[in-house]
Amino acid sequence: MRTRRKIRYEDLGLDTKTGNSGYRALNKDGTFNVRKHNVPFMERINMFHSLVTMSWPSFFTILATVYFVINLFFASLYVIIGTEHLTGIRGTTTLEKFMDSFFFSAQTITTLGYGQVAPLNLPTNIVAATESLMGLLLFALATGLMYGRFSKPYASIKYSTFGLIAPYLDINGFMFRVVNPKNNQLIEVEASVTLSMQRKDNPEAREFHLLELERSKVILFPTMWTIVHPIGENSPLLGVSAEDMMKRDAEFLVFIKAFDESFSQTVYSKSSYKADEIKWGEKFTYLTKRNGTGVSIDVGGIDQTYKVDLN
Amino acid sequence: MRTRRKIRYEDLGLDTKTGNSGYRALNKDGTFNVRKHNVPFMERINMFHSLVTMSWPSFFTILATVYFVINLFFASLYVIIGTEHLTGIRGTTTLEKFMDSFFFSAQTITTLGYGQVAPLNLPTNIVAATESLMGLLLFALATGLMYGRFSKPYASIKYSTFGLIAPYLDINGFMFRVVNPKNNQLIEVEASVTLSMQRKDNPEAREFHLLELERSKVILFPTMWTIVHPIGENSPLLGVSAEDMMKRDAEFLVFIKAFDESFSQTVYSKSSYKADEIKWGEKFTYLTKRNGTGVSIDVGGIDQTYKVDLN
Amino acid sequence: MRTRRKIRYEDLGLDTKTGNSGYRALNKDGTFNVRKHNVPFMERINMFHSLVTMSWPSFFTILATVYFVINLFFASLYVIIGTEHLTGIRGTTTLEKFMDSFFFSAQTITTLGYGQVAPLNLPTNIVAATESLMGLLLFALATGLMYGRFSKPYASIKYSTFGLIAPYLDINGFMFRVVNPKNNQLIEVEASVTLSMQRKDNPEAREFHLLELERSKVILFPTMWTIVHPIGENSPLLGVSAEDMMKRDAEFLVFIKAFDESFSQTVYSKSSYKADEIKWGEKFTYLTKRNGTGVSIDVGGIDQTYKVDLN
Amino acid sequence: MRTRRKIRYEDLGLDTKTGNSGYRALNKDGTFNVRKHNVPFMERINMFHSLVTMSWPSFFTILATVYFVINLFFASLYVIIGTEHLTGIRGTTTLEKFMDSFFFSAQTITTLGYGQVAPLNLPTNIVAATESLMGLLLFALATGLMYGRFSKPYASIKYSTFGLIAPYLDINGFMFRVVNPKNNQLIEVEASVTLSMQRKDNPEAREFHLLELERSKVILFPTMWTIVHPIGENSPLLGVSAEDMMKRDAEFLVFIKAFDESFSQTVYSKSSYKADEIKWGEKFTYLTKRNGTGVSIDVGGIDQTYKVDLN
């Protein structure tokens, strides 16, 4: 049995030798705390994916740089061919000619084409025709990237900063709250919570438990959902104290799957709570208020709790 | 048990204190009757989503405003640099120069580039090259938004205005009709109906029942489907009168999921019937007629009913 | 039981009064043989869907017409404002001026902007700036439509023209073949076959049977799949002769669902076989041949059969 | 029973007459080792699919060719109409005139429009207006194709070169490793492995077995996963030696399905191991190392094994 568990753990490329505490499988933002080595660059990189997921400043910096470099390149070509083969070049020094060529290139690649400057002979015409085609393709690409960046689906689920151990019915439960702050409507929301901690009998190895939830799926998710694992007879948390949790380096891995009605796409969200992110003997404040024929919810109060005695 | 129900209700951010009637969880158009408070603006807004879901007039107003403001901005730049560095500016007063710059800017950002006006020195060239790049990116964005707006999937399902309590086999049933008026073909259509009403023993709290349906899924949905909940022995509606329904503030929450063959996407539709939108002792008129080797359906008659005695 | 069946049939908007034969629920191409009446035009039409599904000639005709009409409109505007406010207009008669304006409009809306003709005063500048913005948005739309048309997923499944009643193991079976002629790879293919025929005891009503298949799902679908319904003890076809099938106006409704690996989308295909499209006592020819380390299949022979004795 | 198997095999268009060895159903890259014959060209080709899946050099070659040919065509039109109806044509010989027309065409189709050359009469204006519309539509198409090429989802799963027969718990197992080298996060990964080999009693026919896996699904797939088929009592591999495998021409067909979180799409991966790609008595090297609070994995070592005694 023990061997089996170890194999399972190892299979997933997670750590099986946790003699020292402080191990975290999932970062708070849902990314894996795993680094990959020796992956050839070309295998690792998905250019589209990178360009779609990078920040807007990085994205625009890359765009501007590409635009600048390509114009430098074509300006050089026009200068090499000779700016006397372009009409309307007014510069006389090499630098001025290069500048004029640079802006002619910019007018060509964006298909702006004022026409003050225009190609006169065969080579300049060929370069200009090629450049304008290339410009259109590059902007085709930029269009796709813009769309990809904007339409990229993501679950905007926000987690309560802390998980709680609070009374639940006549026992206790581990609970945390999630909220959908966006206007996107999420439906058919499914949650799964896995507990990872050091083995009681062997702190060198880790054990994993899929926790039973009060409810693991809701069809409608208007705004807020408190996910509860009742610490019942079969719960691996039964009899585990706050100190035990710290000592055994517990981590609650949360995995939420939902359907984003706005984008008609399935989205996922992952997060985790470490032992020091669990509060004992606190309960979430009730945030729903009557509002005409409907209700209103104070989403900002997601982290509000009050002291309560545990069962 | 009662505690449990209350907790479930509360979990979803719906109202648990319904002493006064007139509460509605789902609006007729399927949106939640819930308002969120204290969500930071940046967390609430998904710009792409907003631009894709707003009305066409709003969308075009925003586009035109952005176009106007950006041209104002660039026109100011050209005026600051000095319109003497642009060829072909014919205005002499400041206003005329600003106007000429404004339209030069418009010709540049759309990459129209007539060339009557064109940049002459370094700063104007830099601004123009930047503006045309920016123009292309903005129109790349507009392209993505246009596509997003058009290809946005939605279930165009239309509901009968009223739900009926009508005879079904040798008992009665709660039923309503849905129709797909569009040419899109919907398949694998699934329905679920949840009844929400005040508790009999405690009007302060609400109870929820997932109603059993005669059939909850159809593979083919040519046009019209009558969804029926038979009021059998296990139905929470057994013995509930029209007056009870009103008094207990009943609401039928309808949730329909389908696959839109035309867009190859899963679509959802939600709606609800309140107690005063239920007609007792009426039956839907049969709307299918023979038409050559096929049939024809009078979709406009979706709300047609006739009086009938209940079992 | 009988009442129930009738209700089910009626529910789906199909015909329940089939005194005369020749009724067909599904056309060969998978569309429903149903006509909808009294649907308001705006509710029926999904403009994007129509533009994406229409034939290429219709699509280009619409595009060209829109282009022509818009240019007519803007040409009229320029003529009304007065062509003396455009440089380079060489026409002298009204018709010539209109033509010049028309082509200036075309150069503006496509952001071509040769500049031979260019706006000179405020009104012409405003119209031109508006027109170029509008042009960009229209082409943004056209881009989206082009992409929508090309990337539209569809199951390209081809059905054998006839269904067969052929020996299967030691009994008989109803079988037909499907083939994927495209280079797209289809996987996780699921089939369902429903038999619809007049009731034996009451030809006025129809009965429906979901037929059990030898196998209703295949993970891999390299090229060809023979779908078989064994006519076993529980089959509604047991004891039904070819004459019975014709008399009872039988129709086999076929529904196939698959995942198109190339487009990463679920696709559907529907078709039907009427009694007169069934051949009795024929078997499909085996089309697979060894080809080096792989096999080759003669897809063109999908309809090839040979006579055989039924069990 | 035996007849049944044969029919099943035949159904899928795979080979049933494997008297000679060396048959491979799935190529290493996951494509089927099947050739289709007699498919009409138009039925086989999905133009969008082809343009989206071809290599970048082929794609750009096609684009450049189309651009060149269209410009040739329009240049010919301008020459036929007469270049005297274009302003600014400076060429005097027919070749020079054709060249000037060619580059004027390029400036028109890209909507560059320098304006040095411009149409003067009705026919040239009509051709130019048509060409610029056509240009915009072609670049609309190119934009869609660029986006389609980049956003095309694919499972980038990399397989260990060899499958292993290694000790597993107190028995042996067939195992192989898969790795996700990309930065894309794959979740909800499902694997299925089918063993195909010649029948023991009849080498002329093949048998297929879906192998039971230690675990066939993982929710999280950080980096690496070892897929194991334990050779237990019910395994068709029980008692099969390395020589048997070669003689019976065994092939392990692997099918992996995952959800690509980055693109929000389901992706598939297929591969196969032939008998000569199986190593007996070797085990995969453990590649996970502690790295701060997380772990690091040496992905490059996916094929590293060490000798071990079989149970």
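Order as written gives the chain letters A, B, C and D; numbering starts at 1 within each chain.
What we mean here is this: a residue touches a chain if its C-beta (ideal position, glycine included) is under 8 Å from a C-beta of that chain, and two chains touch if they have at least 3 such contacts.
The UniProt protein names, listed by chain, are A, B, C, D = Ion channel.
All values reported here derive from a predicted model rather than from experimental measurement.
Both copies, chain B and chain C, contribute mostly unmatched positions to the interface they share, with under half of the numbers common to the two. Seen from the C-alpha centroid of chain A, the farthest chain centroid is that of C. Work out the mean CA point of chain B and of chain C, and you get 26 Å between them. If you average the Cα atoms of chain A and of chain C, the two centres end up 37 Å apart.
In chain A, the residues that reach two or more other chains under the touch definition are 111-115, 139, 143, 147. Contact residues on chain A toward chain B in their complex (touch as defined above): 63-64, 67, 71, 90, 99, 103, 106-107, 110-116, 139, 142-143, 146-147, 150-151, 156, 158, 169, 181-185, 187, 214-215, 218-226, 228, 259, 261-264, 286-288, 290-291, 293-301.
Interface of chain B with chain A (complex): residues 3-4, 7-8, 10-17, 20, 22-25, 31-40, 43-50, 52-53, 87, 108, 111-115, 118-120, 122, 125, 128-129, 132-133, 135-137, 139-141, 143-145, 147-148, 152-153, 192, 253, 255, 265-268, 270. On the side of chain A, the complex with chain C involves touching residues 111, 113-115, 143.
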